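Next come the structures, one after another.
Look at the two complexes coming up: subunit A is in both, with subunit B in one and subunit C in the other.
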Partner chain A sequence: MTQTTVPQEDPALLAAFEARIAAGESIEPKDWMPERYRKQLTRMMAQHAHSEIVGMLPEGNWITRAPSLRRKMSLIAKVQDEAGHGLYIYCGTETLGVDRHDLFNQLLDGSAKYSSIFNYPTLSWADMGVIGWFVDGAAIVNQTVLAKASYGPYARAMVRICKEENFHKRQGFEICATLAKGTPAQKEMLQDAVNRFWWPSLMMFGPSDKDSPNSAELLKWRVKRKTNDELRQRFVNLTVPQAQAIGVTLPDPDLRYDAATKNWEFGEIDWSEFWDVVKGNGPCNVERLEARNAAHDAGRWVREAALAHAAKNARSVSAA
Partner chain B sequence: MAAHEEEEGGVAAGEAKSGVGTVAGPRQAPLAAPLVEYLLRLGDDRLILGHRMSEWTGHGPILEEDIATANIALDLIGQAAQLLKLAGEVEGKGRTEDTLAYFRDGVQFRNCLLVELPKGDFGDTMVRQFLFDAHSVLLWEALAGCGHAGIAGIAAKALKEDKYHLRHSSEWVVRLGDGTEESRARVQRSLDRLWKYTAELFAADEIDDAVAALGVRVDAAGLRARWDAMVNEVLARATLTRPAEGAAQRGGRRGRHTEHLGHLLATMQSVARAHPGATW
Partner chain C sequence: MSSETSWPLWEVFTQGNAGEPFEHAGSLHATDAEHALQNARDVYARRGEAVNLWVVPSSAITASAPSDAGPFFEPGNDKAYRHPQFYKVPQGIRVF
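== the complex of A and B ==
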């Protein structure tokens, strides 16, 4: 993609917009907004929607193998919620003047980004617990803050979505707690899943503040409210006591409590892995996009039929 | 090879004749108590169909259908859990809905063949669902008023869910039938392939007679007539041709399944069976 030039905004309009932001007002679709604001929001919301859609795949992978009927139903319901969130946020982007089909095509052709966590494989049933606990937990930390973002439609979507994510996180943690009390094989399965998902979950908050190119502007316009590092620390502080409660270890020998800052200090994140996965070289990047494209291609005749049928109906209604 | 020869040579012709009484067995394996069999049939139909539907989650032709198919799978598996739980209670041997779902082999499953066939393309799935839904709605209508409180309760709730499923699947059959040339050809093929499995939905046997005596009575002939009318109406709107009645495929009610069921169960039961006795 070529870099688009930043349009010159009318200084008076920009000043009025920034004053509204500073006053804590929410920006609505019909309000004037700088083009950069529109672009940043579209980028964030689209990434969020794509993540929900791609996120259906690693969990969908275990629906057919869930070990009890109750777990099978709650996993289907969770993945269904993700489809709902995706749809809801895609519709939200349309308030910014974007066509959701264009965004969807960007996901399919690989030009759009989504959360890298979904490029890791799900290898055991315990992953369904750990994804709920860590990944939905991390999403909640992010989204609770986004629920106070300046763009009204996104903030309101976050309020609603956060409620469901909270439920998913509790459900995931409960799967983990059950495994932690289970047989030696179940405990081993759980610890292995924790070991695999801990670091990628910390990476979900994005690059460190010093390497986050978009953060300053997003913070100024209250698209973001906290920096990546602040949110990451909050997640670690919330999660460590939960790990202690169910008796699993976290794969970080440097993890220690700092009484002065009241933070759980953690070791160095492997940023080369992060950038590798972002650039498309993670364990499942290719498989995830292939799966989405396969579904899209196999569904083409269905969508064409639905459109053709609707057109016939419209004709017969107008003829009547 | 030596062992084989010994086996063949080891039994003299005369001994084999005198052992006739111990060799002759019943033509079919014995069935469980009628009400248990009946509940397993109802429950297994919905468990297996729900499982097949859940295979679509995340792979649908449009996002809205990912939501709809997941919802239908959820309803069906929820109904199955209730029916299998009741089956276990009536049986009285301590089997739960989970032991019934996860620790029976294929030949012990009682679902009809229609529901275990692979999901195929979206047209196959919707035609199968439509044929099943039309039957299921009529069946629940009958059972909601039956003389067994447990079954009647499940039926009343399931009826509401299945009416929605039927609306959804029949709308898709119409859309795909009366859509493009390609979609009509595809969905007509689905209908032609699946038709021979529909007769099993209506096949009544001694289990149906026995549960009728317990107050679980369904007018099979009346149900068939209403199903025919319902199906004909939707197929007409879909501009599809109803296949001629030919040789039917059946056997699921007595555990004689297609080869597909074994693979489905191998997947479904893999985690549960790898950890017998574990709690999830």
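== the complex of A and C ==
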């Protein structure tokens, strides 16, 4: 853990701020906030926005190979939503006083973090189903709680996003349920995707509370309302019955129902894999960054043309 | 990269149904008003959330300061006579 210097805040302002948080008030961009709150939010929101943007890449991989026009339309709409989610959150982050170009650059030069789940490859069509089911399912669990976050612009972006994620999750689960009723090869493809994505999906909630350096502060200031472990457990409890309903096996021999706690207990997560992917050694970290940079470079002429068009229109208006 | 010119920031307001008030939906970057409207449609109204859109340059908005919230709005609070409950009517009569 690197020790960062804690900026000295005015105790009276800090106390007033914490009282507002305790009273359940929403913090708005122009309100006074501790530097640490601003920093932590910026870091968390930027990571979230980056995740939405990078999250388009694994799914974009399958748009041209979707098995039917219906599936293809859904997938395009879903990927477009992810771009929109990235925009909502980048704009929300800008209310904290950062420039989104700086955030873009941090993503492009590899210094920014994003959800490690997107550093896994999408090898089969079943992966599109399982991503919608697991990854968007996990995102809903996470974001439903973030919709009550203390920072107004973040919470409002989450409300909007949650509505759209429900479509994502259902389209994913429909793909899975269809494959589960298909040929032996389709069932096998589905089970393989489930096997590959289950553990990385559990890792999406972040390190266990005891190893999560940021959790305590984020909880204190109600940016987070539930711990990583609580959210992970909620996701498992929701997902196990869904897996049973379509007859796929979750790849965890230790998974069992605890009647006392009403929780589905699960096995140990391989945190060494998680940290390895976070540090840049996942199967697709390099590929994702290259694809993002290529897209950014290829879009440059569009951005320049839009500016030139606006300048030309402005001239013709002033000349008229 | 950072040498690129930033597009101006716009605030987006949506009207959910005809007759309803416009509500702030969020913000976006766009080169001009027409571009802002098109982006606002794509970002904030993909699922029938709006029948009308306003886009306003963020720089054109003047807002009250949160630190003024108390004193700025205070004068309204001691004018109870602005509220209908201030006025007594004989019991048992429906005034409206």
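The rule we apply is simple: the second predicted complex is superposed on the first by the 296 of 320 C-alpha atoms of A that agree within 3 Å, B and C clash if a C-alpha of one lies under 4 Å from a C-alpha of the other, contacts with A are read in each partner's own complex, and residues count from 1 in each chain.
Assume contacts are C-beta pairs under 8 Å (C-beta built on N, C-alpha and C of every residue); 3 or more make two chains touch, one makes a residue touch a chain.
No experiment lies behind these values; they were computed from the predicted model shown.
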Partner chain in contact with A:E28 - subunit B first, subunit C second, else both or neither: second
Subunit B versus subunit C, judged by how many residues of subunit A each one touches: B
Partner chain(s) touched by A:N105 [first = subunit B, second = subunit C, both, neither]: second
Which superposed partner A:H309 touches (first subunit B, second subunit C, both, neither): both
Touching partner for A:M56 - first (subunit B), second (subunit C), both, neither: first
Which superposed partner A:Y88 touches (first subunit B, second subunit C, both, neither): second
First, second, both or neither for A:A185, with subunit B first and subunit C second: first
Intersection of the subunit A residues that touch subunit B with those that touch subunit C: 80, 84, 87, 300, 303-304, 306, 309
Interface residues, subunit C side, partner subunit A - complex: 1-2, 4-7, 9, 26-29, 31-32, 34-35, 42-43, 46-47, 63, 65-67
Sites on subunit B touched by subunit A in the complex: 47, 51, 54-55, 57-67, 70-71, 73-74, 77-78, 80-81, 84, 97-98, 101-102, 121-123, 174-176, 178-180, 182-183, 186, 267-268, 270-272, 275, 277-280
Complex contacts: residues of subunit A adjacent to subunit B: 53, 56-57, 60, 63-73, 76-77, 79-80, 83-84, 86-87, 90, 125, 175, 178, 181-183, 185-186, 291, 294-296, 298-306, 308-309, 312
Touching residues (chain side subunit A, partner subunit C) in the complex: 28, 30-32, 80-81, 84, 87-88, 91-92, 94-95, 99-102, 104-105, 108, 156-157, 160, 163-164, 300, 303-304, 306-307, 309-310, 313-314
